[in-house]
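Below: a set of structures, written as structure tokens.
The two complexes that follow have chain A in common; it is paired with chain B in the first and with chain C in the second.
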Partner chain A sequence: MTLTQPSTALDAETIARIGELSDEPDWLCNLRQRWWERATQTPPPTGQEEEWRRTSLDALPRDASLLTDAPLLETHLPADAAEAGVILTDLRTAVREHPELVAKHLGVSDGPASHGHFWALAHAAWTGGLFCHVPRGVSVDGTLVARHVIPRSDVAYHPVSLVIAEEGSSVTLLEEIVSPDGGSAGWFGGISDVRAGRDARVRYATLQQLGDAAWRIGAERVVVGPDATVTTLNAEIGSAVTKLGLDVVMDGKGGTSKVLGLLAAGDDQQIDINTVQDLAADHTTSDLLYLSALYDRAHASFYGITNVRHGTRQTSSYQECRNLLLSPQAGAEPIPVLEIEANDILRCGHGATAGAIDPTTLFYAQTRGLSADEAERMIVRGFFEQVVAQISDETIRSRIIDALAVRIGTDSSDEVAA
Partner chain B sequence: MALPNPALNEIPGGYKYGWHDEEKPLQIFQKGLNAEIVAKISAVKDEPKWMTDLRLKAYRHFEARPMPTWGGDLSEIDFQDIYYYVTGTDKAVQSWDDVPEYIRRTYDKLGIPEAEKKYLAGVGGQYDSEVVYHNIREDLEKQGVIFLGTDQALKEHPELFREHFGTVIPANDNKLAALNTAVWSGGSFIYVPKGVHVELPLQAYFRINTQNMGQFERTLIIADEGSSVHYVEGCTAPTYSTASLHSAVVEIIVKKGARVRYTTIQNWSSNVYNLVTKRAVAHEDAVMEWVDGNLGSKLTMKYPSIYLLGERAHGEVLSIAFAGDGQHQDAGGKIIHAAPNTTSLITSKSISKGTGRTSYRGLVKVYPGCEKSKSTVRCDALILDDDARSDTYPYMEIDEDDVTIGHEATVSKVGSEQLFYLMSRGLSEAEASAMIVNGFIEPIVKELPMEYAVEMNRLIQLQMEGAVG
Partner chain C sequence: MTDELVISGLEVSIGSKKILKGLDLTVRQGEVHALMGPNGSGKTSLAYTLMGHPDYTVDAGTVSWRGQDLLGLTPDKRAQMGVFLAFQYPSAIPGVTVASFLRNIYNAIHHPKQPDASGETSIKYTGIPLAKFRKLMEEKMALLRMDPAFATRYVNEGFSGGEKKRLEMLQMAILSPSMAVLDETDSGLDIDALKNVAEGINASLSPDMGVLLITHYQRMLNYVKPQFVHVLLDGRVVMSGGEELSHQLEANGYDWVRDQVGLPAGVGDEASAPEPVAQH
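Right, the complex of A and B next:
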């Protein structure tokens, strides 16, 4: 069901109705109103901002009807994890069943500055989302999976995903987002708020397979606590336009983050990602690796900032963005920025490349009996292996490889082998 | 920049060009800028109408455009508090003895005439707004090489001048280029005929002497097919309490198979805003190289660029920046690949010390159809102190697949082990740091002519004195 007539842009009345329709508690209705005010006070990007120069929002389907009933959220929570108190459910259910816990964590932090408007909008207008909570000291074996299935292409949907790993806990979570191809353009404005407490271990992968008319204007904020280790992976496969803002905040001493990205884009897809690695505490480490394979007329932009804060000691960071251009019409704009305000750094650097497959490599593969297409597929898979090999979780790795194959293609020999 | 002069080496530490001559201008226009001042500059230079019109058009562009909000802090620049035209002489002379005495003294202190005798193929000197001295070796003149003050070139070679002026950097390119086009005065004009190789460097020396002075020199270099030339410029200014503005425009046309190297050692005093637009176009098989050293100024915003317009053209930018206390060096380079098989290399080395800030800002752009283009960008930064800062903003826009484009950067500090080792060999901490810094910039310094390399190392040493401990 959608909030139909008048299916215009969001307004205060619509925000109020969202709360009423689901009979939400007062604290939540108030929270929505507060964030709605924030959204109106934080204007949407104009295109002049550095992070928004490469994606125009002119064609964003702002009038798409808001999807009000939470779409299907399929979750997989191993039984022993549930027994240990781990919560993995859609956000509405969590509000009903764990109101205090949700109230403690929902809407308490600001998102990436580049996406301030959309962060506020999602907190005001969410009609679904994910709540994942891992209690203190609990280690989850196996992989938690949550899958948002959006039934229609032409709707606006702004889910909020909250992932909270308390002190000393450990969890691996895959979040998938799917919607149908075709139809008129829809707007997926999902945001993720991920927090790893002291000494927690979090592996959080997002697999985006939206339909080919979808606009993904998303944001993700990851806070890494003292001595915590967080690996994030964003696999962006679908959508017509993606503009993702990702902030990784290293404000706990001794924290470590690995920020991974995989993009396989074709047709007229535009994928634009901006990141901030904020090294705000001593002895923190943050390494980023984004890989794009670009087919047809696809265009990938990457604008990443590594900020080493003044007064920090012994930080390590690296930022790497590699683009494989597989068609003369494909384009890439990798922009890895360093803003270094401290001198006691262990390691700091970045690298960016863009180019076609090395013809010698292609030739060599063909001399071994592969066709040009097979050789290209093999080389692209090899290119992605730099990230894929870092995914230790088998469930996530195979889901990601399957999703990439939609763009890269599969070889008949693979099928036989399978 | 300054040439080595043993007497000056006695001066301990600090900025050694910070003295000023008593201001004795022949002509000084009132402070501030309006269309009348622009017209008056053109009138005093007795320029053709097209130039007056171009200046006025550029002034309107300047007025219409907002100040850049990126890069450094420009908020303290007050365009109405600047002298736009100050001159101590009425024409450039070719004999050193004819230069007004007080100006000659300045250049003697800087070591210009000795250098010319020993080493250079030609020298130009600019003092505030006007070129005061210009000389070129006879044999080059006979081969048709033109090396003149830009104002003089407009009078003596009007057609060649008009054909090329403003073609690389149009009047409306950016706010500061528009300002330069409106009020330009002085600079060098170089034309190297087909097939002529100028073996020794041509040099120009820029000095701001008047307080609140804006220097807006305009340089135009045309290297005709198959020719080659190396041009070196240096700049200093007195240390006044109020800021001066240097906003030059440099246009270079490197025709088919020609080769141009342009070397700058910028050593403005630390109260000068140095906002410069430099751009070259390189045609088929041409080679363009910018060697850009920025040590002085309060704020520099300068990104020498190269448009690779012809097949197999090659462009290089070598950039060194050193920012000491209160300085911001926002420098870098831009390469536009607009033809197939073009190649480019940007190498940047920056050092920030005290509260200094260095920013590398660069662009590599590859247009569709420029297949087999290759570009490598390499940036290294050294941060010497806790309050120093270093930024890297490398923009890349790649719209062609059959290319090899790469960028790499590192930021580091002086390693305590390196220091310890050098000190165990008997060096003081300051000497050891200076040695490490010199090693860090060595790949670029070795590209400089010998005398400049020596001077560069000395300047770094001066900047480094008292850096540690």
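Right, the complex of A and C next:
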């Protein structure tokens, strides 16, 4: 089952063939066609948009062939969660096994405005993805883990991840994305649509370890319902170019979100993230913290909008972006934007920094017998701790630390807990 | 032969500014030396130069420890040879707990990684066993009368002046160096904190450790007794004596030293007016 059509040649007919190849139900074929129309009506970014000024799409491998025979998502679902009715499976499987549920939730919302074209494209051309559904009132103790393994570097792949936590439920999910290094450039266009119902508790972490030739043009939308609490974490380690658009919509009164990010980049990696914290309801709280460690000639951009909607009361928000430059050629550009349309706010602030390790701190650590490299590693790990310490889930924390170590390096006596 | 730190004809500059102008000083293991001098006389520059701070350029002279040249070595190698510097202004390392930091530096000095035949450090390297290290740390913290909760805080992050100095003393106690340079460990401390830190120093003293106690004021020397006192003025040691010299300094001020050695008033002191020696 292959479709060697280049992504540039995508058209309504090709989109229809994707559905036919998998013998998909009519509602889904129709859904794909509707989103395909949206994709054609919503042109790709030109580079003039504020969110797209720092990443050019000129070299995006649009000719990469669409991956239609992606391996099924690898999943780990704790047994008691499965018994309680929690679903965690490949989206293709979910379409067969839970069609009503998927039909109810798939493709019903718009994604980040900055990534409107890619959101539509993924809904039309997805050939894999994740479906996670936590029924009302069900609380999962263990960690759900899902892993996209992309077998080749040179393909285009636009999986859709759908995470639905119904009212009063609680879940922790780690989604990993891996592809091989080397080879020709590929295009990973995965999107995530995450919804936490009233009073739900969701911890959702994404660990991106794409190969070094990959382009990640991703979008994630998180809707936080009334009195719900959502923590998202985006750990961006791999890829040649990453351009992620993340919207966190504080949709219901009393909702809380923590929006965390960890970036460790080297070589010529470019990581560009734009976020919107949309404070659309009263008494909502949203705190964002992105940390990046940049080696070699890596560059990180961060364009973060906090939007406190007109008429909302007593919202509280903060966005903080800190960048550690570990080479004179590394660079970072954090740009916070506060759009405050309401008068009655509790708090709305931002902090942004980019700089090298303080040489005196490095010297201090060296005088204690640590080599310059060991001292640097220790300081970088400490820098990341501000986010790592907020990851309460042991499985996720250790996976993230291991992934970061690939870039930072390790010292064996690091794991001392006090 | 006793192990000794020998500083000879040391000339040091930072940028184009000459700071040390031919400093001579010898400190043997088991001895406590006090180096006193006004602000700007070059005390901290000497401390930083001894540990290899990259901002300081050695223009002339030698520094040897146990007969080996120190100046060609990186700071970590100097530390591994048993030389320790307690900083006047210790740096904060956010996100790194005191316990983790102490274990890392203990391993760096006492359990260095042994490269295998291929030159790579074995991935099995784990340093001192965790339980053994915790015992050592708890023992030293008790000796310094420190709250065990201290170990869970991030290194110097949000520490008071006194806490920072106590952490310096804890590091010294755990690393047990053979040559310790204490740079104004008494500065910024109230009298109770000073006593406490001095107790920490005294608890670490041993016939196996040489100490160079750099201080601005005499008051520290009421608690830590030096056998030798030196006066640093204008980048040189201009006067040396026994403990009584510190009392003479306290009574007469640095201008008395300048008179004695024929330097004009104010030389070697960045502040135009010499600071009082014993008024604090």
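By our rule, the second predicted complex is superposed on the first by the 404 of 418 C-alpha atoms of A that agree within 3 Å, B and C clash if a C-alpha of one lies under 4 Å from a C-alpha of the other, contacts with A are read in each partner's own complex, and residues count from 1 in each chain.
The rule is simple: a residue touches a chain if its C-beta (ideal position, glycine included) is under 8 Å from a C-beta of that chain, and two chains touch if they have at least 3 such contacts.
The shown structure was predicted, so the numbers you read here are calculated from the model rather than taken from an experiment.
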>> Just checking: does A:369 make contact with chain B only, chain C only, both, or neither of them? Give me first, second, both or neither.
In response: second
>> Touch test for A:323: chain B only (first), chain C only (second), both, or neither?
In response: first
>> Quick one: is A:311 in contact with chain B, with chain C, with both, or with neither? Answer first, second, both or neither.
In response: first
> In the superposed arrangement, which partner chain does A:381 touch: chain B (first), chain C (second), both, or neither?
Replying inline: second
> Is A:361 touching the first partner chain B, the second partner chain C, both, or neither of them?
Replying inline: second
>> I'd like to know which partner A:331 touches here: chain B for first, chain C for second, both or neither.
In response: first
> If you stack the two complexes on chain A, which partner ends up touching A:343: first (chain B), second (chain C), both, or neither?
Replying inline: first
>> According to the stated criteria, A:351 is in contact with first (chain B), second (chain C), both, or neither; which is it?
In response: first
> Once the two structures are fitted together, what part of chain A is touched by chain B and by chain C alike?
Replying inline: none
> So in the complex, which bits of chain A are touching chain C?
Replying inline: 358-361, 363-372, 374-375, 378-379, 381-386, 389, 411-414, 416-418
> What residues of chain C sit close enough to touch chain A in their complex?
Replying inline: 51-55, 74-76, 78-80, 84-85, 87, 90-101, 103-105, 107-109, 123-128, 130, 133, 151-152, 154, 171, 175
> In the complex formed with chain A, which residues of chain B make contact?
Replying inline: 368, 371, 381, 383-413
> Can you list the residues on chain A that touch chain B in the complex?
Replying inline: 308, 310-311, 323, 325-345, 348-356
